[in-house]
Amino acid sequence: MGIEVMEDIRKDYVYDLIESGKRVDGRGFRDYREISVERDIIIKAEGSALVKLGDTSVLVGVKLDIGEPFSDTPNKGVLMTNTELRPGASPDFETGPPNENSVELARVVDRGIRGSEAIDLEKLCIEEGEKVWMTFIDIHALDNDGNLMDAAALGAIASLLNTRIPNERYGLTGEDTLSIRDTPVAVTMVKIGENILVDPNLHEENAATSRLTVISNADGTVSGMQKSGSEGLKEEEIVEMVEIGIEKAGEIREKYLGDK
Amino acid sequence: MGIEVMEDIRKDYVYDLIESGKRVDGRGFRDYREISVERDIIIKAEGSALVKLGDTSVLVGVKLDIGEPFSDTPNKGVLMTNTELRPGASPDFETGPPNENSVELARVVDRGIRGSEAIDLEKLCIEEGEKVWMTFIDIHALDNDGNLMDAAALGAIASLLNTRIPNERYGLTGEDTLSIRDTPVAVTMVKIGENILVDPNLHEENAATSRLTVISNADGTVSGMQKSGSEGLKEEEIVEMVEIGIEKAGEIREKYLGDK
Amino acid sequence: MGIEVMEDIRKDYVYDLIESGKRVDGRGFRDYREISVERDIIIKAEGSALVKLGDTSVLVGVKLDIGEPFSDTPNKGVLMTNTELRPGASPDFETGPPNENSVELARVVDRGIRGSEAIDLEKLCIEEGEKVWMTFIDIHALDNDGNLMDAAALGAIASLLNTRIPNERYGLTGEDTLSIRDTPVAVTMVKIGENILVDPNLHEENAATSRLTVISNADGTVSGMQKSGSEGLKEEEIVEMVEIGIEKAGEIREKYLGDK
Amino acid sequence: MKEEGIELIKDGKRLDGRGFEELRPMKIEVGVLKRADGSCYFEMGNNKALAAVYGPREMHPRHLQNAKTAVVNYRYNMAPFSVDERKRPGPDRRSVEISKVSREAIEPVILKEYYPKTAIDIYVELLQSDAGTRTAGINAASVALADAGIPMRDLVSSVAVGKIEGEVVLDLNAAEDNQGEADMPLAMVTRTGTITMLQMDGRLTKDEFERGLKLATNACREIYELQRTALIEKYSGSIGGGEE
Amino acid sequence: MKEEGIELIKDGKRLDGRGFEELRPMKIEVGVLKRADGSCYFEMGNNKALAAVYGPREMHPRHLQNAKTAVVNYRYNMAPFSVDERKRPGPDRRSVEISKVSREAIEPVILKEYYPKTAIDIYVELLQSDAGTRTAGINAASVALADAGIPMRDLVSSVAVGKIEGEVVLDLNAAEDNQGEADMPLAMVTRTGTITMLQMDGRLTKDEFERGLKLATNACREIYELQRTALIEKYSGSIGGGEE
Amino acid sequence: MKEEGIELIKDGKRLDGRGFEELRPMKIEVGVLKRADGSCYFEMGNNKALAAVYGPREMHPRHLQNAKTAVVNYRYNMAPFSVDERKRPGPDRRSVEISKVSREAIEPVILKEYYPKTAIDIYVELLQSDAGTRTAGINAASVALADAGIPMRDLVSSVAVGKIEGEVVLDLNAAEDNQGEADMPLAMVTRTGTITMLQMDGRLTKDEFERGLKLATNACREIYELQRTALIEKYSGSIGGGEE
């Protein structure tokens, strides 16, 4: 009860502030929080990145194993994306099997990478129909202060860019780096009142009733979208959000994925 | 509470009516509700049938896959029967893994088919010890107004009669139809008071304390039985029920499985 | 509520008695309850033993199957130890997947056997990298009156000593007995007040706040230890307990595993 | 997503003879189940979706109740025999996600505040699947909710657009989806033009996206009319029921 | 069901020397467990079944309580080492069904209305299995319930009949069951002649069925006497316990 | 446990240059997470452990509450990418056991009686693993509890000793653990000298065991000083926080 009342007061506060043109942490509506991307911090992983958006913190690790290809794509490696919303990262996360939010997060990140064809899966075939590289992208949420989606997607592509293929572990030879052909970047926006805000922090996420993630590529094409939340968006709002998404993705790509 | 009281009143009503020689829907004690069997309505399935007993509605689909035989029957195909009491079919069905009623339903249908040796499993062997056809009978309850058992069993044999072996999908040649050697038909009866009723509807199922399913074959032999419910049956009642079961099965077989 | 009060009274009673130098069942602090070990009572198992410590009763069965070795030990058989704290054995045991107590029990028994290298796993290799004997030790708790750990560990090694390799079942030839090189024996002690007691019965287990299991071998070396419980132990207490453990293990080994 | 395969477009027509902006044939039946409070059978090409609605009814377990509104549950499920290769029964990650976005597609029109502490349960069964199953399911669910008498602001209509051989086209079937370059399912509240579901995968330019958006919203209006008509027929039938 | 194999009948006798209408040797021990409220160890040929009963005790979770009667739970479980090929621990579909029919076999004799809102939990462990395990389990459970002092109308007794090489015979062992043509387990309340479990698979003519039914019900009466005797011995033992 | 492999000791030094009684380099950061009530990042060689503490907070489900004390939960989890071969997500038997002994290692110092009916939840994530992960986790958890302001009697410190090539040495790394002859993780409350966790596998003589015990308890005292220092720095930083 008391908790619910506090929740409502906080939502109202966030709402009123935004209506007056301000955000709780002083940012502009189109500004991200401070972003940091540290790569290769887990030596046991083939690739890894710790991404922070303000106080939100996500660790992504990429592991490669050898396995069998799917029967309908015998000459392609397999990509698997998995999210763990670890209970340490938020009082709202629980132990147990992945819930719908965690499944959605993994699948949206996965589709962004697949849609952009960022990984050349054919190069991950070792022996057609028999042996391929299984690429596991594991998204480990450490601290959730809002917008895990963008942090996860950025961590995924940043990890992939540095992933080494562990040929030696399996007695193989061959290229040691993944062939990455594009750099999909996710930009999430929420609508609060009539305002569109990028990179919502936790209070904004709670106050918003709808959210749109737009994943776009180096050439400005879109390779993933996902609306969520209990209210709808107008057609023209979506068009505007896609524009913002492409623009902000370009900025992030240049600054944090620039060494590619 | 209110619900329980209503439940009791309804049971009493059903009971009193039957004691006076009548059923809630006006049928005779030995009459089935209107039966309909529509076959081949799911083109994605190798065989299918939609069976209705009055308002009870069950969709059965048969799928064939290639798999390994069991090690003790290397020259036989594998038969698997599965039931899903989908939560849309009844307010009493819940989401989650199959409960005991759903497991029992699948296993009784399965035993009826196995006991009659309706499917020649040896004809489903592709390569001894290596590759056989896995035959999956999936029973999907759509609307439960009582006696899912008979609807499911009838749907299963009706589907099997029309099942095509998907040789082409797996690049094989061979016979395209299943070899069906018998047509087991299930007849379920309940005891209410001292009366035996066939094809109980939902209200009768709830009012009854014991139930017997008798599965019998074209030659009048029995290939499956299952008593359920929280009360027992007398020996002579069971003998009578087996007789009724064989007779009713003959009528159903002739009318709905006649084109075999 | 009432139950909790009774629990406290019982704990106090056990505690006071022990402080006065006595145990509820009249034993000395270093005495085991009556031990019985019946071997080969399950003909379907490759090896089996029913162990009783007073009213505590555990049935252990060993089964051998053929399977693949782990990729990092291609020339070794596989050992798996599993515990089922069956709900019939205690009002405190519940149905469902193994809980932490049951997992701990299995893993401690398993480590004792592994640490002592009691089984020569290399002799369980049939075809390097392809086929090995999988040895399953299944610990089935029948009646829990305390100290399941020692009963389980004793049952495990007693079963292994008589295990026959079922070569004929798989059309193989070869040695028919497991090669057992050592006989690890577990001795569990609890601390109540300042007293150390071996082989706690159920009341003592409940009254104790810490427990130590020491698994030792024929040569007096230690091959497993596990402290549990919500309180700690002093360094000198542990040293004393290890001494007691080794001594009691020797007595049990001689008396119950002597025919090896 | 892109795979070598057959030609999907020939002489400006699609494999099944449709134009680029043409929906597959649809069929709607209202109130097809006895036990459910509301139900709808919806065909969209070869998709066969069955929606059953229960509620408002008591919410279990209680600690999941919402003191202010009804809780809406949506369970999307594919029958094992609905696809070429048998689907293992039980929820998988795909159906968990589809259930979530479908619930969010429908929730905005339900007047949940009328029934605090209750549950409104929507069960959607895909009996046969041919791409676009989530949109067929949402169309069915929306009508089933109305059939159950749940107070709603409006119906929700849903369809996907996609891109095949460089063209933005409406309502992909499975052959098109397997070889297609992009897929974008969408749901809309027609009267207000509010979009309540939007997903996309594959690759689209901004222009293609905007074209697709227009195409889909127009098609939703078409579907909306069919949904309304089916409900009106059922409704008028039940009013005049005695005389039939 | 039918498999090529060894000859099961020779000179009118079965492989283990029994006649057609002969039960396997049985052994009953009552009250073998300390912790359980009632218990029974029951051997039927090579089947070794152990039943433990707890209750009437508080029912958890509460929402499963029945306001008018006790709830009876029955859990049938096979030990991993009870069969030739190790059984993976945990319930499978077979044990779920057997638990259900076994509970229904036992429930009719329990005076459940004496203990509303409580649970009576019956746990049956098959330590060794040789066909007919569910019947051995029911025989054990029935005695264990009596040992627990649960008020009962009567004991329940159980046995299977089957058909091997064309003959209807009593109480199949595993070799017979594997090659047999039919199997029909049954449970009965002897005093009233009420049959509380009946299952059948394989193939039987109506005549064979009736013959089997007669055979099984007669054998249940035999088993009933053994169960009674075992309980009486235990009971008289406990009355005279001080003097032993 | 013993495997053929590389030489682990050369000229009285271990592979990574350490002496027999030398700990790996450690790094402690306190209060690294925003959402958790207390947190600690702890490196021990190549182990990277992150502990988050929540509580005292309401205990769910209620029937697990303890009327007299707080309930302490401890969840040890390895990230899928923390090891050479990817670990499947979710708890396995190893992590269930480690969670139990780690909880018991920590529980004795928590003043649980201050917060009846509540839960204190400790989540330990192993982001990178190099043998001794449970000890790194306990060290992290202990500091995170203090950071959360949970009243404690003292900190708990933890380290393992092992035996390689016949020598009893401190704090094995993965290479040593894989080829080692014994491993003995231990946790201690330094001020009272109470040992709250002790496990052992492999094979040790009684003398080796006693030597290892001494080695480990001394090392715990070393770790304790590092833990204290890290907390004091954080605490003095927060007192002087305004002036920073």
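Order of writing sets the chain letters: A, B, C, D, E and F. Residues in each chain are counted from 1.
We take it that contacts are C-beta pairs under 8 Å (C-beta built on N, C-alpha and C of every residue); 3 or more make two chains touch, one makes a residue touch a chain.
Values in this document were obtained by computation on a predicted structure and should not be read as measured data.
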item: Those chains which touch chain F and also touch chain D; value: A
item: Per Cα centroids, the chain farthest from chain E; value: A
item: Greatest separation from chain D - chain, by CA centre; value: C
item: Mean-CA-position distance for chain D and chain A (Å); value: 27
item: CA centroid of chain C to CA centroid of chain D, Å; value: 57
item: Centroid distance [mean C-alpha coordinates] between chain D and chain B, Å; value: 31
item: Distance between the centres, which are taken as Cα means, of chain F and chain E, whole angstrom; value: 51
item: Interface hub residues of chain D, defined as touching at least two other chains; value: none
item: Chain contact graph, described as a line, ring, star, complete graph or other shape; value: ring
item: Order around the closed ring of chains, commencing at chain C, then chain F; value: C, F, A, D, B, E
item: Chain B contact footprint on chain D (complex, rising order); value: 33-36, 39, 46, 48, 50-52, 54, 57, 75, 77, 79-86, 89-90, 121, 123-125, 127-129
item: Touching residues on chain C, where the partner in the complex is chain F; value: 4, 98, 100-101, 103-104, 106-107, 111, 114-117, 212, 217, 220-235, 238-239, 242-243, 246
item: Chain B residues touching chain D - in the complex, by the definition given at the top; value: 42-45, 48, 55, 57, 59, 61-63, 65, 82, 84, 86-91, 95, 97, 136, 138, 140, 142-145, 169
item: In the complex with chain C, residue positions of chain F that touch it; value: 1, 67, 93-94, 96-97, 99-101, 104, 107-108, 182, 184, 188-189, 192-206, 209-210, 213, 217
